[in-house]
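First chain written, first letter: the chains are A, B, C and D, and each begins at residue 1.
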Amino acid sequence: MQHTPIHGIIAYPVTPFLADDAGIDETAFRQVLSALLSTDPAAIAILGSAGESAYLREEEWQRAVEMGVKVVGGEVPLIVGIGELTTAAAVAKARFAERAGADRLMVIPVSYWKLTDAEIFAHFEAIAAATSLPIMVYNNPATSGVDMSPALLVRMVQEIAGVDLIKESSGDIHRMHAIHELSDGTIPFYNGANHLALEALAAGAHGWCTAAPNLLGSAPAELIAHVDAGELEQARTLFYKLLPLLRFIVHGGLPTTVKAGLRLQGLEAGDPRRPLQPLTGERLEELRRLLAAY
Amino acid sequence: MQHTPIHGIIAYPVTPFLADDAGIDETAFRQVLSALLSTDPAAIAILGSAGESAYLREEEWQRAVEMGVKVVGGEVPLIVGIGELTTAAAVAKARFAERAGADRLMVIPVSYWKLTDAEIFAHFEAIAAATSLPIMVYNNPATSGVDMSPALLVRMVQEIAGVDLIKESSGDIHRMHAIHELSDGTIPFYNGANHLALEALAAGAHGWCTAAPNLLGSAPAELIAHVDAGELEQARTLFYKLLPLLRFIVHGGLPTTVKAGLRLQGLEAGDPRRPLQPLTGERLEELRRLLAAY
Amino acid sequence: MQHTPIHGIIAYPVTPFLADDAGIDETAFRQVLSALLSTDPAAIAILGSAGESAYLREEEWQRAVEMGVKVVGGEVPLIVGIGELTTAAAVAKARFAERAGADRLMVIPVSYWKLTDAEIFAHFEAIAAATSLPIMVYNNPATSGVDMSPALLVRMVQEIAGVDLIKESSGDIHRMHAIHELSDGTIPFYNGANHLALEALAAGAHGWCTAAPNLLGSAPAELIAHVDAGELEQARTLFYKLLPLLRFIVHGGLPTTVKAGLRLQGLEAGDPRRPLQPLTGERLEELRRLLAAY
Amino acid sequence: MQHTPIHGIIAYPVTPFLADDAGIDETAFRQVLSALLSTDPAAIAILGSAGESAYLREEEWQRAVEMGVKVVGGEVPLIVGIGELTTAAAVAKARFAERAGADRLMVIPVSYWKLTDAEIFAHFEAIAAATSLPIMVYNNPATSGVDMSPALLVRMVQEIAGVDLIKESSGDIHRMHAIHELSDGTIPFYNGANHLALEALAAGAHGWCTAAPNLLGSAPAELIAHVDAGELEQARTLFYKLLPLLRFIVHGGLPTTVKAGLRLQGLEAGDPRRPLQPLTGERLEELRRLLAAY
């Protein structure tokens, strides 16, 4: 299946929670989404890793999808992230997202027991068969415990109708080379490793999947614009300016650091869900300095 | 808190499922548990990694606990495994298991976002505060994505009332050395890496947490008996006899391989839950040969 | 100490041997050097990893230096590679190279026993004190067994007079980011990982240390020219054209693959020194296809 | 080829140096060897990793062999370690050792460029063809940069006449399992990872290759005696008593730590060769405490 590939920033909101485990803070979630829409994104992807998708109860997840559809509205494509241990649960979520009006799915397999390539393939096949939405396959071994090789990623795009884009967050630039080569440059791939943003674009990534716009506004979009214009010097200067913060949010965990940063910037998006704890002390001060420096 | 440590085999049943995602096969689960009780276990631990705990729906998990309490009855201690992404869900399960009559919990932290030591500590503190059951802390980075250092494991036993035993499944014998040394030999630790069984006992492990008795009957218990009797030569001979099968079930994923082996032995325990797929083809034949050889 | 940094390709010749362990093939070495001079290099570095420096007897090494000075003559800077297990041997080679007329040294520490940062620092201090030649510090953990952190590399440039450039061959782009950041962009760094050439330039590398010109002529220099001109699209196209061969020579070992390629191209540079064996069979055919494709 | 396998401790002396890079301190070397002979060794192996073999000049290496033959004399088998980058140099050393009267060789391949299995096999074939001495093949990837799989190790013993024993220092107990299984228990293997001594013996190691007797006297031999007698409890108690010191000498580098320890015990064996530096400050104090505690 071929869709017009997204080019540019795919922006990932955090999912704000009310205190005392009382569910999603809908007011704050609307604010986060609205703010992201002003950062020049090519698409918005809710319920990704940054969105603490894995930590939501089912009804919370469904409510977030409904809100995303309503707020993002059609301004830009709305992508819904799905990461489930069982195929049955992933299929159910895919169906829900389609009914709710999402434009696209981003699906990450999650493991407890390691999965074979055949198991991963069948997982995506089952999900794709259950929905007419296009699917971005998402590789992020550090969080999901599943590491999909470039060969498997490319094969799934080539052989499963509905799977059409690849998000690579392993942080290994050679994987991007391999995707380019194995598909003769025909499969659009996206970089999800923030601290590799410049090099991924140099290697031909169609876009950058990132929660950074929550804190950095349209700067990530500007980086892409510089690269598109052949302004490598300016792109590099901007990248190195952003890098300390990008590295901080990657290494500190996106929900933890982005929520802390939003609070510092005056948007109260609550704390991450336990066992994740809010940023405090010296690390919070470091984030404050990084935001001020930028 | 001090409890009499368990010495010997802690046996882990698989959780049989009905076809078509129709829930637990209760008849088969009873058979699996009854068979394990005849393998000379020191305790039985349901809903562990081998028990596909991570793949169960909430009501299935609860039903499995109730059945475990009923079948194992008090013949040996019944341990209930808990592995949840959120602290709230882990606390709820701990409370349920206590109400249902379990004797002990085994708790593994599971990550999507990496956890700091402070986050892991608080997770266990919250669970321990919610139950009067003793807790075995379970480290298995390859499945859970969380790697707890020996220092953290020992500190949690020393500082959190209710956490009293350590299960180490990283397969790193040096971790066991460190636990011994950091606690002056006072904290009982258990080995969960099947293919390290002999050496872990040599290093002083109080027991072996294993799903192997599902397929190997009382042979694992005999290994421990040999070591206890100073019969190292016999222990080694037995270990090397068991090793090919132990390695096979470790590397192939316990639910997948143990369920396949039970089927080969005539106990129909169903297939693992999707995306996990049943063992077939050459690998199934390999298992058949290994079982026959043993 | 500040020197005008080299910008562009630093080209690495192989060291041709006569058959039967009879020493350097001087005629072939001259041919290899002359051919490299026509590939538009910014400098030529003899006796590097590709030059089998580690496998030479002392008198062979000295002869190679003398020949390099004579052939490269001043057309471009001549860099001499030094990689010795003992500080005394490295110092002796540095002195020899200076007396022989080399323009610069490239020094890689080599380990049997792991070295502390203090030991590495003192090693470079001793060499720098023994010569007035500027020194490029060379990090290549995969071959040398020593992994120098960006912090150590930058500190040695800042604190040891005579050490002024960094060659990074770990293949980790984040190391280059760190060198840039730790030195505020003031220390020129060079990429030695061929299959990372494009991204390293994007990240700000001053040049590319490579044996690829032996087989690819001036194409590597053209890649740098494209990047310098802001022609990222053309640079990327060229890079992906070169990449299969670059990857092949990296993974197959430079002396083995480059000597085989030279032979295929009609320049007989002999075999690598035992235990290294010449490329044969299917892998040789693969190289033939890669060269033909390019 | 079959030889009576050595059972017990293979003891490794350090090689004492005179100050100012003035060569081997022959008096001290004799003292070190004599002291080792009183620690109940099954054999003595000079010029191993602990003996700084890699850092010696050729004439020093030869002198050490001659001294070893003279001092050890036939009391126990004298093993000579060879670790050379080129096959030619290794062959030359093998011939020298045989002429000088050594009883056996221990050969470790050393890499700059990674070696294929075929290259390693041919390296050992060439050495074995050049000598009638039996050869222990020595795997120590952390120092040598070459990692030989159990399959390769076993195959070389089975197919190369003269190669008969295996020393495994990777510290991976599963390698020992594999050697046992691949050879049906017929190939004697020896453990070279000090901090794994107890478990390697449990797994069936014929002996323990160690520099620990330099500092610990006959305690390592006693550990083996306990295991031989089925006294696992006593073996474990002794092992945990020795472990802090064993771990210290492994992690600190054997020449560095053992020479420092000998000095603390009153045997002046000089400093390790640069770039290795003598132990000082807090780490020296730690060693002093460990020796006192033992």
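Just so we're on the same page, a residue touches a chain if its C-beta (ideal position, glycine included) is under 8 Å from a C-beta of that chain, and two chains touch if they have at least 3 such contacts.
This is a predicted model, so every value here is computed, not measured.
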item: Touching both chain A and chain D (chains); value: B, C
item: Label of the chain whose CA centroid is most distant from the centroid of chain C; value: B
item: Chain centre separation (chain C, chain D; CA means) in Å; value: 34
item: Distance between the centres, which are taken as Cα means, of chain C and chain A, whole angstrom; value: 39
item: Chain B and chain C: spacing of chain centres that average the CA atoms, whole Å; value: 52
item: Touching two or more other chains - residues of chain D; value: none
item: Inter-chain touch pairs (all); value: A-B, A-C, B-D, C-D
item: Residues on chain C engaged by chain A in the complex (per definition of touch); value: 173-174, 177, 180-181, 185, 195-196, 198-199, 201-204, 227, 230-233, 235-236, 240, 243-244
item: Chain B-facing residues of chain A, complex; value: 21, 49, 54-55, 83, 85-88, 109-116, 118-120, 122-123, 126, 142-145, 253-256, 272-277
